[in-house]
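What follows is a single structure, written as structure tokens, with notes after it.
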């Protein structure tokens, strides 16, 4: 009998120029998968390269984490834009990261939208499908990582690859939509670990106390939370104690340098 | 006996959001090859896609035109940065354009640095080699287009692909270095055509009146010159009258949509 | 009996770096009042100075035209932000323009919000009042120019100075709200002049054909419309033919260089 | 007999959006004077307002700290630009901060250029004079704070106000020019305090061991150094132990809220 597997992902590479955010070095000891910012909401070419090298060194799967073009708002503001604009914002950033990754012999494993862009994609089957389809031209076979929603069912129905995921460090409303904080605050690592385990087993408790399905294959902890490293450590410990093997959903795509 | 060939390239996609620069539609009737801005000195995702579609429709070879990250200075200011930074700025932009191009079934044919970044690469054999080598990881076989210089000889000595080019619409100093204008002004199309023909034949007249070798395979006219279209038309006419066949150096890489 | 007066305003200084938008030089022959972009949606320090000098030379009243921080979207996208953020965005830009204006001996005559920021202020009495009040700390006595709305009545009730205005080159819905175009197109100058005259007389015809009150003291033509100069000329001609004297509402604040 | 006075200044408000840099709250317990970033190299409207409030609350004099428009390079890259551009970059930022300060009843006490912009002004008597003169139009009587150099002598000769200052936490070359670090690292607080005391007494030891005049009235510690607070505390302690009274050079301009 095979042990169940689960992926543990976190946003990474979210520094910018002189400003540092998150402790990727420490975080990468616990997670399986890094979502690397691509310059629109955070990240810059040097930061992106550093994150890719760090991921390769730590054996962490590396994917793209594109956001809205809004450094000031860190991609957490819903920028009015057409679906076509959103597709192009994502392709631009995914391509940019892939360009740098190619010189580090890192193959990108997934694409996870960031912040307000993630929220929009989760709410729109049309947009989610357009994004997932366009990604196949740039990175064939690479899945779009987002929440298990009607939008995801639409993408799956088209035969396009996805990784269902959600954030273990956020609360959920009665519709199963996570409640975004303007700025992440420190949280109790064990409470997050509780929720992560629930999610790994396919459900989540909402703010009303109801237990609803949440069929994810990947759980997220936010790398810019002040105690992100302690949270990631607690989540990993809890999942392993419960018998889960932590591994990236698409780790096969992650080439190690020879 | 085969007719001699020459490439005619121009910068394109240099609009940004609400602002339009150049008349790509008209220009593409005369040039063989477009260097498409990638968002750092000009261009944005929607503009990049429009330029790629226009190039494909017009049968014009499409390459990347990366610049310094300086919208305000249009990439014409030499931004102090390390060689490593420059390589990453270029990979980021080339990857970004390639990401959008992949969804339009356009294969990028070349990479031509823009403005002050071009000047820097022409002056540094080490940087030129580093850039040309890193490009092979992202776009195998795709040449770096820049001026025939000691830097280019260094790149060629490493077996890396190049396209020697220079601008027909600029003056040249006694060392064969073109004299950059802060903002391009209208110029006499026939005078530019004269110089283009000289360059197609392998030489150029400097501001001192000396004739020096300029062994290019591609000549450039700047798309943001007010009368760029008239200049491109005059250059094309002159080159064809003199028996040259105008074609992109790397047109084979340019796939048409099926 | 005194002739009735009306102000004719237009956005100006909306170039950015290498990119030119609008023909301020020509436009300033017809308008009384320029709203100068301040760097967030358009404009840069050199462009702002040039617009201020041009306004002074042409005897045109110069005010600030602050927008959302979104160059890519030209301030025409509603950026989610708090009221406090909006107040600070405006103070930042107004102060910046005033800083440059001080060295040109130009006193700013008004502040007119741009694009999506204008729309938001017209819809919120609280925000309109907060903006108008905060402006009094920076530029005492200087009015906030926006549409005659419930928001404006709230500002006026607080004893804060305003200039009621609206755009003569836009259509109006049944609620008297102008219908913004994503990108302004050329329009029939005489049709705009018809509407300008109606507005100068205190009413406007909606898209439904109803005539509703529109008690403005200033009418606007958009400087980035392709035929903006022809429109401004036609509007001026029509207003003057109908007996209006064109003059800036707050022209007294506009000092001429000694 | 009056105790000698000295000013202790630090850069502040150098966060940007989601990114925090420096601990202004703690730093303001030790310094007399804050140089507040104005949005070009760091800072944004909300951060600027927060820094102004913090300065007022702590009784710290608040001035402007304008830099080159280069968020990615944190204003530490020498951006090629004309003197006229530099003047406008500074006026724009000073005006922007003054605009927000006016609503907090804070009067700006000085202007200190940042990073590469500071270096350039220290090397150019013409530019330093042009900047200092233009400031008088915006903030009459407000001094330009920079290093005691030939450029400063030129400004003083014009009768324009200055505050001679230099950094106690940097090394000095044989010409008395401080040696800028790309990114500030932690330093021994007592060693910095040694140098601060030397400088308060009018001299500094160069990297060659020579002691040269350094007639400053203000010493700086960089707020983005990892142990900036410990350094500021040590410097203050040392200066006070040696009998200096710490006070802002232009504290009279700093109004407290009534």
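Order of writing sets the labels: A, B, C and D. Residues in every chain begin at 1.
To be clear about the criterion, a residue touches a chain if its C-beta (ideal position, glycine included) is under 8 Å from a C-beta of that chain, and two chains touch if they have at least 3 such contacts.
Because the structure is a prediction, the values reported are computed rather than measured.
Traced through touching neighbours, the fewest hops from chain A to chain C number 1. In this structure chain B contacts its sequence twin chain C using mostly the same residue numbers, the overlap exceeding half.
If each chain is reduced to the centroid of its CA atoms, chain C and chain D end up 38 Å from each other. Mean C-alpha positions place chain A and chain D at a centre distance of 41 Å. Contacts with at least two other chains are made by residues 72-73 of chain A. Contact residues on chain D toward chain A in their complex (touch as defined above): 15-21, 42, 44, 71-74, 76, 183, 224. Partner chain C is touched in their complex by these residues of chain A: 69-70, 72-73, 77-81, 116. Per the touch definition, chain C reaches chain D in the complex via residues 39, 45-46, 48-49, 84-85, 87-89, 91-100, 102-103, 105, 134, 137-138.
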